[in-house]
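Everything on this sheet refers to the single structure shown next.
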Amino acid sequence: MRPSGRNFDQLRDVSIETGVSKYAEGSCLIKFGDTHVICTATVEDKVPGWMRNSGKGWITAEYGMLPRATDSRMQREAARGGQSGRTQEIQRLIGRSIRAVADLKGMGEMQMRLDCDVIQADGGTRTASITGAYVAAHLAFQGVRRLGLIKEIPLTQPVAAISCGIYQGEAVLDLDYAEDSNAGADANFVLAGNGGIVEVQATAEDVPFDRSAYDRMFELAEKGCKELFAKQRAAIGL
Amino acid sequence: MRPSGRNFDQLRDVSIETGVSKYAEGSCLIKFGDTHVICTATVEDKVPGWMRNSGKGWITAEYGMLPRATDSRMQREAARGGQSGRTQEIQRLIGRSIRAVADLKGMGEMQMRLDCDVIQADGGTRTASITGAYVAAHLAFQGVRRLGLIKEIPLTQPVAAISCGIYQGEAVLDLDYAEDSNAGADANFVLAGNGGIVEVQATAEDVPFDRSAYDRMFELAEKGCKELFAKQRAAIGL
Amino acid sequence: MRPSGRNFDQLRDVSIETGVSKYAEGSCLIKFGDTHVICTATVEDKVPGWMRNSGKGWITAEYGMLPRATDSRMQREAARGGQSGRTQEIQRLIGRSIRAVADLKGMGEMQMRLDCDVIQADGGTRTASITGAYVAAHLAFQGVRRLGLIKEIPLTQPVAAISCGIYQGEAVLDLDYAEDSNAGADANFVLAGNGGIVEVQATAEDVPFDRSAYDRMFELAEKGCKELFAKQRAAIGL
Amino acid sequence: MRPSGRNFDQLRDVSIETGVSKYAEGSCLIKFGDTHVICTATVEDKVPGWMRNSGKGWITAEYGMLPRATDSRMQREAARGGQSGRTQEIQRLIGRSIRAVADLKGMGEMQMRLDCDVIQADGGTRTASITGAYVAAHLAFQGVRRLGLIKEIPLTQPVAAISCGIYQGEAVLDLDYAEDSNAGADANFVLAGNGGIVEVQATAEDVPFDRSAYDRMFELAEKGCKELFAKQRAAIGL
Amino acid sequence: MRPSGRNFDQLRDVSIETGVSKYAEGSCLIKFGDTHVICTATVEDKVPGWMRNSGKGWITAEYGMLPRATDSRMQREAARGGQSGRTQEIQRLIGRSIRAVADLKGMGEMQMRLDCDVIQADGGTRTASITGAYVAAHLAFQGVRRLGLIKEIPLTQPVAAISCGIYQGEAVLDLDYAEDSNAGADANFVLAGNGGIVEVQATAEDVPFDRSAYDRMFELAEKGCKELFAKQRAAIGL
Amino acid sequence: MRPSGRNFDQLRDVSIETGVSKYAEGSCLIKFGDTHVICTATVEDKVPGWMRNSGKGWITAEYGMLPRATDSRMQREAARGGQSGRTQEIQRLIGRSIRAVADLKGMGEMQMRLDCDVIQADGGTRTASITGAYVAAHLAFQGVRRLGLIKEIPLTQPVAAISCGIYQGEAVLDLDYAEDSNAGADANFVLAGNGGIVEVQATAEDVPFDRSAYDRMFELAEKGCKELFAKQRAAIGL
């Protein structure tokens, strides 16, 4: 029995509200239950120095959390003087995930910056961030296409992410915080629309877990991402 | 003629939505037109070291902005390694403003941390932050009172803040960004419910301005704060 | 009765000694009683990157305090790894104040850096800094004019600053530390030679203060600045 | 054909030299071909503050690289003012990996610090670090046992790590740098002696990869770790 | 011929003005020609954590320079985020020098902090700092003795410092900046009142220098320090 | 009697193993007894900005220590956010020492970076670093000459360094840690092949020491450096 009463293979309620920023080229507020993330995509007409004259674009991501996004207040990263290792790890993952489905040549020399800011956290902030960042990126590219700067949206396929875990011996989909803090294993799957693997991060919590548990989590993730792809399609108007 | 079509003495649409955080002891989303700020109040049962055994409480504030809260993306303060001088200046102002109407003795040895995070910025982020922080603080104190830890809300009176400026030679109330970036003077008034002055910061933009302009701005601010006090009362259920 | 025995509208002894630096283009040691500040002006022949090719100059200021300028030693800012929020707030104020009376176009593409270093502090360090920075700037511009690089001193009028407060219920001029730490309100006025307002920062200490107290402080400030303008004129040889 | 001429399922030459530090409680120099890492284990008799009086021990890890461990010199992290995101990500992984096979209760209130310093890097520095850190930890615990402070080595089973990748369409074991920089996918497997999964991190490089490629890499990793467990056993004298 | 017209064995004009700080327990303004340093001594009644319950005191020093102490303005160390290697090297030297003539046991558990702030620099700032720091320390200890907290001044003998160099092939005493920037060797001698060596730092500038040059510099330094000891005695009233 | 049983004028066993890095243009592992330092030389084809178009090269050095190079583990400098004053002092010394025997003009506009990383420390890390850095630099210049980029090795003569101290009243050569922590004086001599002085740093530990002790240490250093020059010649193949 999961704390939330969900079935083992059931996502939390997922919603994606687009156009939440007056300024950003693309934006959405994505909710995985009580986990709420604002994702914005900023388009800049120049790439980092090391890519100049490569004819290719670049996509990068940053991640943050409001100090009271969590049950007990966390110290503000700007106040303590830098981003934690965890923050940097997550934002590197978001960037890699979107780049894995991007056609950097098709972008031309343009940079996209994705900002994922967690307003409220109840587990799964990195998976919600990746799933929402894809939507923000797509919306921003739609705008760039409307301006005639590109002909095709330079995203080859969708990408979404979901967590799975072993909770009380059973593989379950989309951990919330209550489950996450008691899970025997915790895995994040970033999957592409064609079923391909973009990234997998699986971690034993207390003791190593076996291959069959891993395989059950993988199947749940494939089911969950299919549902997320549908939400994404609706949000970006496809 | 103001860019927004408002009268010289007209606030933008102001709304205060309370209870926006699942976790914070008090919270609201305050909007001054397109300026949106999430304010949360966190209650902690211990004060900073230098206040221990004083029998008094303490209230402190922090301020932040999402990178794409503004028209062009700003660098994330956590990524560049610290808070800017402007950020520190604003959060010190927020803290002083709420403390000026707080009964620190009445709080007992408890600390309240106010976080004001700007989701979208269109001028007036510090005044919206102060106005919303008061609401978040009051709601949090209501919760503390319900727990029986205090008998009275340790806030002696409301406090609100509004900006004024000299725009095209005329004193106007509640500058938005289009006005702010062209104003000849810019003043922030933090006023208490009884009309008392909590803080005034008036700055000439290009050339010094005269006393009568100052006085006209002051009157507009008094009018504006009265309207904000009414919004605050409604939000906190008084 | 003020701790120093001064009348409510009486400045401390003010002196301005010029030419205290062998190297700086302009310099003075300004004393407001026991508050001593060395102000230097450095002229550089290039402006910050964002102003290049604007045909305009720029003026910026930095502020510091020797660790034992105060009664109990403060930690050295260079040793603790950065400037405090208070320091940044003050140096931004000094820069804005001098720029408000500067003709940036008349400067041409030249940058002036003003350094205000407090050797001894007894209240009013920011007002002494602004008042002395104007003198250092003027002296440096005199030297630039002697070199034939400019025809006119690009300062449209003098600027000076003084603090006022409510001490034991009465408005008093030019707070020293003994008063400042017990004042019910504290206001810094930066006024121009023509009586115009450059900046006002008024802060209630414990409880909000009323408009009439504010007005009395304003009048004292106007009187004080007039006396400071006379000291400045003598120092710069006008 | 692999650049090194190895078979697709062949590790580089692996050696583990123990006792390389005069001071550390446990130490080894581990080589995966041209990747050389010094691993030391330091035992401290107190745990971090948040664990005090828990009756449990703690294990933590740090990772570094000499500036010229790589083909082109990298900036020294101490000189640029902090550890990169990549460094933090790796050292967090090393710590989690060893803790997953540790009996923290069995340690008692003792802390072990593992330092993995890369002297020369040719791909696979994190997997060599984990594999060597286990050896250093075991040797240090042997010393603690000799002192009579613990009865059993508080490590429940061995842990080792190896990378796999898809190189020119084929799954290969233990990527060196020449392969790593051209691989279509890159996966790090941290496996326990009983075959259990401690951590898996799989990343697509350019385009998502499919499940069967993933499965082939997994099998190679299991083969590789078995060989590493044998090297570890020899090194620690079992 | 020296740029200043001095004899090869002639100090610049040296003066030591005491009591320049209203607050510090001991203070002086020391001038070696155009090099001016404010030295203050702060007495604190507790020692650093690692010395507690040792029954001994501690003496430490910090060094700084006003940004425009030099011919071209240097960046403020607090603004660039930390002390340079040169600054740290100098302040460590000052601390060691005074501790070498201090009776730490005789101090009891008390800490003295010496601050040497260079107001104007024309070469020899570290030697002026050491020479002045001794005076400030002695004056502060005199005050502590007057309070009856110690019976004897816990300084076993004086310490002073002077630079020498090889300028145009000849050993000269007390380099000013014009000489220092053209010297073939540069040596700082910290000598005790009894002629003992506290610290010697000799550095070749372009090419190694020979032993006889070294010996000539040493003799000059002994002569110079004798003159400095006399200035110190006068300043501290012995 | 020295703790190690060495004669007062006896070096520890010194060895220099070259070519220890697969990548660096020049490298060695130098051992002074149990003090082990890896020295690498990196050649870059551009100089720092301030030297561009000077026609001259530049040589700079960095120094580091593995956290467990010492008896008790030290905090990693990259983790605590910067290099200590001691580290900066040492790396500045290494750079100056090698530059003192370099023909910067003969280098052409090329930069050499020397990295000295202490793998194990038993006293004398800075002297071993200088002695080894010379070897790494020479080997790297040999490679540059083989490429035909320079005709002559731009090193005018060898440079080596050794420490001396007063241990139990007697001058001794090449202090190890056991001696260093009990020495009454500690001096580091950096000498050139022709006997010239490159740098001398002599420090009294508790009380000033006299000139004759200094002279005895100097003679020991000359003897020690002669032996080190022979080791260097063998290592670089001369």
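Structural remarks
Each chain carries a letter (A, B, C, D, E and F) given by its place in the written order, and its residues are counted from 1.
Note that contacts are C-beta pairs under 8 Å (C-beta built on N, C-alpha and C of every residue); 3 or more make two chains touch, one makes a residue touch a chain.
On a predicted model such as this, the values are computed, not experimentally measured, just so you know.
Minimum number of contact steps separating chain B from chain D: 2.
Distances between chain centres, each the mean of the C-alpha atoms, put E farthest from chain A.
If you lay the C-alpha trace of chain C over that of chain E, the rotation comes to 180 degrees, to the nearest 5. For chain C, the chain with the farthest CA centroid is D.
Separation between the centroids of chain C and chain F, computed from CA atoms only, is 50 Å.
Mean C-alpha position of chain A lies 59 Å from that of chain E. If you average the CA atoms of chain E and of chain F, the two centres end up 28 Å from each other.
Of all residues in chain A, those touching 2 or more other chains are 82-83, listed in ascending order.
Listing every chain once round the ring, from chain B with chain C next, yields B, C, E, F, D, A. Within the complex, the chain B residues that touch chain C are 82-83, 85-86, 88-89, 91-92, 96, 100-101, 156-157, 185, 187, 191-192, 194-204, 206-211, 214, 218. Residues 21-24, 27, 34, 38, 40, 42, 44, 62, 64, 66-71, 73, 76-79, 81-83, 87, 113, 115, 117, 119-120, 122 of chain D are the ones that touch chain F when the two sit in their complex.
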